[in-house]
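All chains are identified by letter, namely A, B, C, D, E, F, G, H, I and J, in their written order; residue positions are counted from 1 within each chain.
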């Protein structure tokens, strides 16, 4: 089940550089582990902003919340969630029907 | 080059049923042609709304505008465009670097 | 899987009374059928507005969209969807753990 | 008398961990006491956000304010309140009328 | 129990004058009946706008909705509701305590 | 001359308790003095929020500003002002005309 | 007593030209009469928009509402009102004090 | 003197095709005449929307309003105006200073 | 050439009193110098808010920016600028034409 | 490929003067290098605000993000991006067609 998720990151400009480097490294590792497992199939940078647009593939709302709330950057993020369904014009439906 | 595009459709409730059926059929055909050609790699329905979230893959801003402004439903849509770039945590970068 | 759904209804003031009566009767019947089946466990009127706050219990985002987009009033509604998860303070968790 | 209440929590990222643990423990205890007493019949996590959607059952606006303003997290919350009434399509009305 | 209610009226400029005169007369009569009964203790015009700020005194949310949804102008209004409680600085509390 | 005034209070969560107690005591005394003098005829708590809705009765805009800007909590408030006039449906007009 | 008033005009594009010419002529005459009487000391066009920023000088909120609600374009306007007071840096205060 | 101007066009979907063709032809001719005269140095399409971002070079606010309010599409546009000044990092300043 | 300028001031509540007194004194002196020179013909306090509505009379956008950006309170202000033109109903036009 | 970019700068008022001077010098040098290279063809100050409107000329979204995210002031900016295409009324098209 897919969700579009927009994550806007707001780090305090005076954040300690070591703390920042550590949290960013953990964020990257956590994201990549989820990408490899198939839970996080798409991640794009929104050009010009410290934000990403992602698509998550989870089994239910509970897993969606668990995955997002464990992001190391979660306390610094504004997150917007949109549940996605199949679009009736999607050509994948043609293939299924063939 | 990828763009996230949100399209919200606002059809007048008293639209003539034949006109509506015709425009929706042309919209679907147009979208599916672009999906097959690779220009419209993702289209999802936003659950509960007459809206879609799409990702378009175009060579430049001009093609993006040409593709969107020729949508049969374009006069009835509110469209929001976000240019996308590669996210530094994207595991596709790991594969490229290998 | 639960979703909070807010539905704001905007009927044109000059709507034909018979058309209006028919659509409202079909809306009510459709809603009550879903309430009885367990898909629509809560529906409340937002006091002072032509709006409701509902909780839907569906198996996935697809069913959520199918249920909402078939509402007879769907073309006249502005719909806002919030996916819900279990709150860690919910006393239902205490009972489960007992 | 029911109210829908959305509570968005904004804790400063540099909050002292002990202070934070204490306030969250008191918040949980306070919420669970009200759930058990019937004043707080529903609490759901909004997936992906540090927010909850709750339904409170109070005797009047005064009790609503008293309950909410005594939340240990109240100084850190943005709260939105919607008074709820019975929806005319609610099947509970059918049962009452039988 | 008090509620602050803001009502913004949007009449179509081409409304039939007789229809308009009739609905405004019924609105006035309905409002004055409620004022006399004590349910609508305050009504003020917001200067420069076709809006009013009112205070309603009802026994619960249900009565609030019933009163507002029966306004002849209800289909032409945007309504905002704020539940009110006693303010701890209100001098009425001093008198009660005396 | 009446004005509706909404005051939203934003105190820093880490405010010194003594400073806070002092400013709140001065705010209460100042408000009650104005209530007794007839300048501040109504003050209500907005249920669930650290906000009040008040009605001030002043001789002109200048007095309105002087009264509000001397509030001890003024530096911590977001204030919204609506000038009020007599509503043509107000039953007080009936009495005047009798 | 001064008020800043912003008036945004929204005329339907298909308005009958004679009706439009008549209403605009009446609006202009009404405005100029009030300017000559001193009630409407300033009127400026907001460049690039069908809007004006005005300053009205009235004796109270009631006169402000009466003047604005009698504008021939009132049913087509969105109006925003800001009550004005003397600014402590205004050099007019220096002259008064001399 | 430069102004950035964003123009969003909202044509009714059921506009008569001949009327629409005529107004668009006049809009294009008017715009191109101003571009040739140097008053409208930049016009760009905002990709995916029926909008343009333009830069106008006028002698004062009055000319800005006159130019914009005479656009054939003016009654169908929402216009946003930003006055522009020289940026202190503009390399044109280096050249001037040489 | 006239511009309407709204300036909202946001001073940190814990600002050093001497620093605050100094900046406010410099702001007042700077404003009064510009008022005397004719560049700042109107300044009004927005009643109930730490804001002013001003009208500036400058020769071009560049002077507007230079004047505003040198305000001692500029780093603490949110500024909104509206370019003004002559309104066709302004009675000053009648006098000019006589 | 052109993008309109609005950059609003929010520096903390208590920023260390040397840190501020350094970051502003680096910002200016970086911007001027990009202007000279043709990547940043337009930069204007938005009059009265600590903001600029720029046009960037990049080969794709990726370069747009790389250029913007390396701005020394990037952590202090709110950035808004609009992809631009050729406008069909642009007289440059006439010249191309000749």
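Points to keep in mind about this one:
Definition applied: a contact is a pair of C-beta atoms (placed from the backbone, for glycine too) under 8 Å apart; a residue touches a chain by one contact, two chains touch by 3 or more.
Model, not experiment: these values are computed from the prediction.
Counted by residue number, the contact pairs of D-F are over half the same as those of G-H, the matching pair from D-E, G-H or G-I. Each chain's centre was taken as the mean of its CA atoms, and the one lying most distant from chain B is F. Look at where the CA atoms of chain F average out and do the same for chain I: the two points lie 28 Å apart. The geometric centre of chain E is 45 Å away from that of chain H, both derived from CA atoms. Our note on geometry: chain A versus chain G, Cα centroid distance of 50 Å, whole angstroms. Counting only residues that touch two or more partner chains, chain C has 2-3, 45, 47-48, 61-62, 64-65, 81, 83-86.
Contact annotation for chain pairs lists A-B, A-C, A-D, A-J, B-C, B-H, B-J, C-D, C-E, D-E, D-F, E-F, E-G, F-G, F-I, G-H, G-I, H-I, H-J, I-J, with touch applied as defined.
Across the complex, chain G is touched by residues 11, 13, 45, 47-50 of chain E. Partner chain G is touched in their complex by these residues of chain F: 1-3, 60-62, 64-66, 81, 83-86. Within the complex formed with chain H, the chain J residues making contact are 2, 4, 27-28, 31-32, 35-36, 43-48, 52-53, 82-91, 94.
Per the touch definition, chain F reaches chain I in the complex via residues 3, 5, 12, 61-62, 64-65, 68-69, 74-76, 79, 81.
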